[in-house]
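Chain nomenclature is as follows: A, B, C and D, assigned in order of appearance, with residue numbering initiated at 1 for each chain independently.
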Amino acid sequence: MTPPIDRGHGLELLRQMLRIRRFEEKCAELYSLGKIRGFLHLYIGEEAVAVGAMPCLTSEDAIVGTYREHGHALIRGTPMGPLMAELYGKANGCARGRGGSMHFFDAARRFYGGLAIVGGGLPVAVGLALADKMQKRPRVTACFFGDGAVAEGEFHESLNLAALWKLPVLFLCENNLYAMGTALARHQSQPDIAKKADAYAIPAEAVDGMDVLAVESATQQAMNFVRHDGGPYLIEYRTYRFRAHSMYDAELYRTKDEVAQWKQRDPIASFERYLRGNGLLHTDEVEKMETAITAEIEEAVAFAEAGGWESIEDLARDVYTPRQAEASGKVE
Amino acid sequence: MIKMTYREAVRAGLREALQNNPHVFLMGEDVGKYGGTYACSKGFLEEFGSERIRDTPLSESTFVGAGIGAALGGMKPIVEVMTVNFSLLALDQIVNNAATIRHMSGGQFSIPLVVRMATGAGRQVAAQHSHSLEGWYAHIPGIKVLTPATVIDARSMLLSALKEPDPVFIFEHAYLYPMEGEVDEGALPVDISRAAVRRQGKDVSLITFGGSLWKALQAAETLAGEGIDAEVIDLRVLRPLDQATVLASVKKTHRAVIIDEAWRTGSFAAEISAQIMEGAFYDLDGPVARVCSAEVPIPYPKHLEDAALPQPETIVTAVRNLKG
Amino acid sequence: MAEFVMPTLGSDMTEGTLVEWKKKVGDQVTKGEIIAEVDTEKSAIEVESFYTGIIQQLIAKPGDTVLVGTVMAIISEEGKSAEQVEAKVAKPVKESTPSPVGEPIVPPPPEPGRLRISPAAKQLASELRVDPSSLKGTGPGGAITLDDVRAAAAVPTKEPPTVTIDRQARMREIIAAAMARSKREIPHYYLSTAIDMGKAMAWLKDENLKRSVTDRLLYGVLLIKAVALALRQVPELNALWKGGAAVQSPDVHVGVAVSLRQGGLVAPAIHHTDKQSLGELMTRFQDVVKRARAGTLRSSEFSDPTITVTSLGEQGVETVFGVIYPPQVALVGFGKVVERPWVVGGEVVSRPVVMASLSADHRVTDGHRGAVFLSAIDRLLQEPAQL
Amino acid sequence: MNRSLTPDEIRQTVLRLLSEIAPEVDLSLVKADVSFRDQLDIDSMDFLNFVVSIHKTFGVEIREADYPKYSTLKGCVEELSANRAR
């Protein structure tokens, strides 16, 4: 572990990781009760990446995510109520209930969504960065993707174009060792993902994705590089998901021991031990956090339960932009 | 009015767009140094610089995706996919991102993106370079699809497209680039939601778009010689389709022949035929006829390619059969 | 008490099978701990408990297959009073069937002057000799449909006289159109022959003695059956002219011309005439005539005679040379049964004789085949018992 | 018919049966002693149906040889009254 940190900051990191963990556990429960339907990809085990990386972005920077984006949206700041309502498919959801778990959007926070086609978000991130560069705006676009995406052509095309045109893109690969049911070594000739960036002359590093402080410092360095150099940077967070790819699969592709072994390095438990070991965590503080988080979750569930369904008359609304809406992207 | 070719009209439209708005930029394969495979952006690199005239690697999915991102980021990108044949690699970005994000995000984003591509057959470039797939694109809600067939439309449709808040796809039939026509000095933006009656007639409606317009007009001349007065409708826009103009014409002539260079099965001609059946069933004096390409990969040798493609003669025959 | 229910384990799961419990009654279970293994169609899944507490009751037994949401175990939650904890299982959201939002394509209002009639209805109208322009359509936008034509084709029902006059005029028009078309398009040739009805009438007399009045036969039935059977020997006459060629009909449906007292003529078909016994034919013949005159014939009976027989004997005419009903290709006529001098074995005797005639379409058959047909009828009538 | 009918009742019934066979006939114009065939354009099929309805309504057996007796209104009334008496 890196040297001890400011106590308040430590508590906040722990709290945010707990927020994600409990939120995802509630999602699992609501899914089994049939309240949440369709596909649900939980982030349990990878919390350190979102909690460590997201705060390094300014409110001006943009995020492009994947279908495992609950944690990123929470840390980016979208309130838990609209996220839960979106999982219910309610009209008060963060995308009016239209997208569900895989498609959180938040224009005000430049959160360009959950885009659920593997690798589909990378070119969009490159484009966002291109627009910033052409308009001389000192902003960065963070693009999250999984180890599965490195097999897609768009990964290689995007890294090449970002390097070729020197675009401010932060490529953030959450390598949880499995592309759905296929282990990394079974779908990559070169499993060392960070090394792939060398082919496009993009600086990169691999980081322990279970260590929130390591994630934080690496991401901060990468952000500084991109802001000053203007060109892209790639980080490979080596992390692990404790639950099935989505609700539910029988996890036939990995052993229980492997899961148990990685659980030894649970990012929340290990960080709690670190804080306690450095005298930064008092006895009842975790319990207080848990109580507050439970309340926040119950309030979010109530918000979702209270939400109404979008009326069927609005089915075709927003297929196109109504004439008078401002022509360019709404965010500007 | 001044004389210019379809190619020069496209080029003039692009140039005016780039001059009018600094947010507009052109991105695509060989649009810069090479000046565009159809010379539609010749001289632009020197005039506008490499920031706004961007040669891209051959990564159709990513430079179309980057176009989407740039549009989200406040720019007005014009992406040139060299031909519709190469756009197949970018269909995921087009269908799952460009056409979908606004609706799926509950209306939070607009994507003001214009994508241009050449389409169609007839220059002996064989099966992989001769597709006519604009009908596929016209199937997708969330985007608009334009098929400029005249020099005026080639000159002005782009300007109108750039005013749209949502993605617009423009298909330029490769056969038309060298075609000459007349254009206003200061071209005004044209309507991009209505079809145009290119030839009035009362006996049969020839409904077509893009490159096939000129074959339909030639067929109409032949038919006139046989005392059959054909009306020729240039759809101009496949989505949204101007159903009113099509149905008005069919109600007048009571007979319809649709000309579409794509393969017949599942073609856009099939969609138009279905809409005529739904909207003008009791006005039909006979079944709607379709003149499409033979359902074969377009062959290289001229005599075979010509046999595979719709021709004025096949249109005339179709009308004769309809008249019984 | 917290209920542990069968969870939905995937977007397409409706029920699950309990493989085994991982806990016993009285065991302590913590939130997130595996409590059971459940089998879905796809695979066996270890299922966690969402509550911490003591297992009070295991309701489901291994091997039970239960619907999603079924209570399988009861857990007493520590530190939570009973009623707080009741797990509300989501009743599946009533799948409100979204009404199709796309505006239904309503065919635009009819253009003035242009008749809105479906092609199929137009075709049937011409076959049934119904004049579509007089009909009120019940289809979309007032369009005339198949049913409208069929309804109109049924013989005019009992209606006040004023209406019958219009109906008569209209029927006259329709018959006129059909007959004109027949004479214009069909090159008729005509043949006739005299048939000795002696054996037939004698057999009929004996037969009717055995039958009560309700089963009695008329000689007309013998004629119809003879025509039907003769068609088996000359099938080309049992055909319909369609699209420029005669299409032979696999079945024999003899249309029987029935004159309507208030004027007009209809020729409803007796289906599968050749396969009916004389008794069955008589019943159908009686029924058809009664309903034709009462105006309650079903339109389907109109649409498919394959040949028509007209018998004007009772009106005192000896020979009938009729006009073929398009699209048929032949018409058989019978005149009055008349006692005639007839040479039998060199001697002249008196015999009841009927003139049988044939009008046929020369595009389809030649006189020779027509002659073979008439002589076949003659031979059949000489063995009435075989009919 | 269980109880005996007066001649007029018989006459009315016969006319009703006749109208079922020839619905368009104006019953008041039917002459009693002119054959139905001649005054009402009835053919052998109509007459058979008429005779069957007489049989069903009055329960009398009618042989082909008896047809002439039933060919006029007067004949019918006389025949049916006589049957009643037997």
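Just so we're on the same page, a residue touches a chain if its C-beta (ideal position, glycine included) is under 8 Å from a C-beta of that chain, and two chains touch if they have at least 3 such contacts.
No experiment lies behind these values; they were computed from the predicted model shown.
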>> Top contact pair of chains, counted by C-beta pairs?
In response: A-B
> So which chain ends up closest to the centre of the protein, judged by Cα positions averaged per chain?
Replying inline: B
> Among the chains, which has its CA centre at the largest distance from subunit C's?
Replying inline: A
> Just curious, how far off is subunit C from subunit A if you go by their C-alpha centres, in Å?
Replying inline: 65
>> Using Cα averages as centroids, what's the distance between subunit B and subunit C in whole Å?
In response: 49
> Can you give the whole-Å distance between the Cα centres of subunit A and subunit D?
Replying inline: 99
> If you average the CA atoms of subunit B and of subunit D, how far apart do the two points sit, in angstrom?
Replying inline: 84
> Among all the chains shown, which pairs meet the touch rule set out at the top?
Replying inline: A-B, A-C, B-C, C-D
> Which of the residues in subunit D end up touching subunit C in this complex?
Replying inline: 21-24, 41, 43-46, 48-49, 51-52, 55-56, 61-64
> What part of subunit C is in contact with subunit B in the complex they form?
Replying inline: 105, 107-108, 110-111, 114, 116-118, 141, 143
>> With touch defined as at the start, can you tell me which subunit B residues reach subunit C in the complex?
In response: 247, 251, 278-283
> In their complex, what parts of subunit A are in touch with subunit C?
Replying inline: 25, 28-29, 31-35, 37-39, 247-250, 252, 312-313, 315-316
>> Quick check: in the complex, which residue numbers of subunit B touch subunit A?
In response: 23, 25, 51-52, 54, 56-57, 59, 61-77, 92-93, 96-97, 101-112, 141-142, 163-166
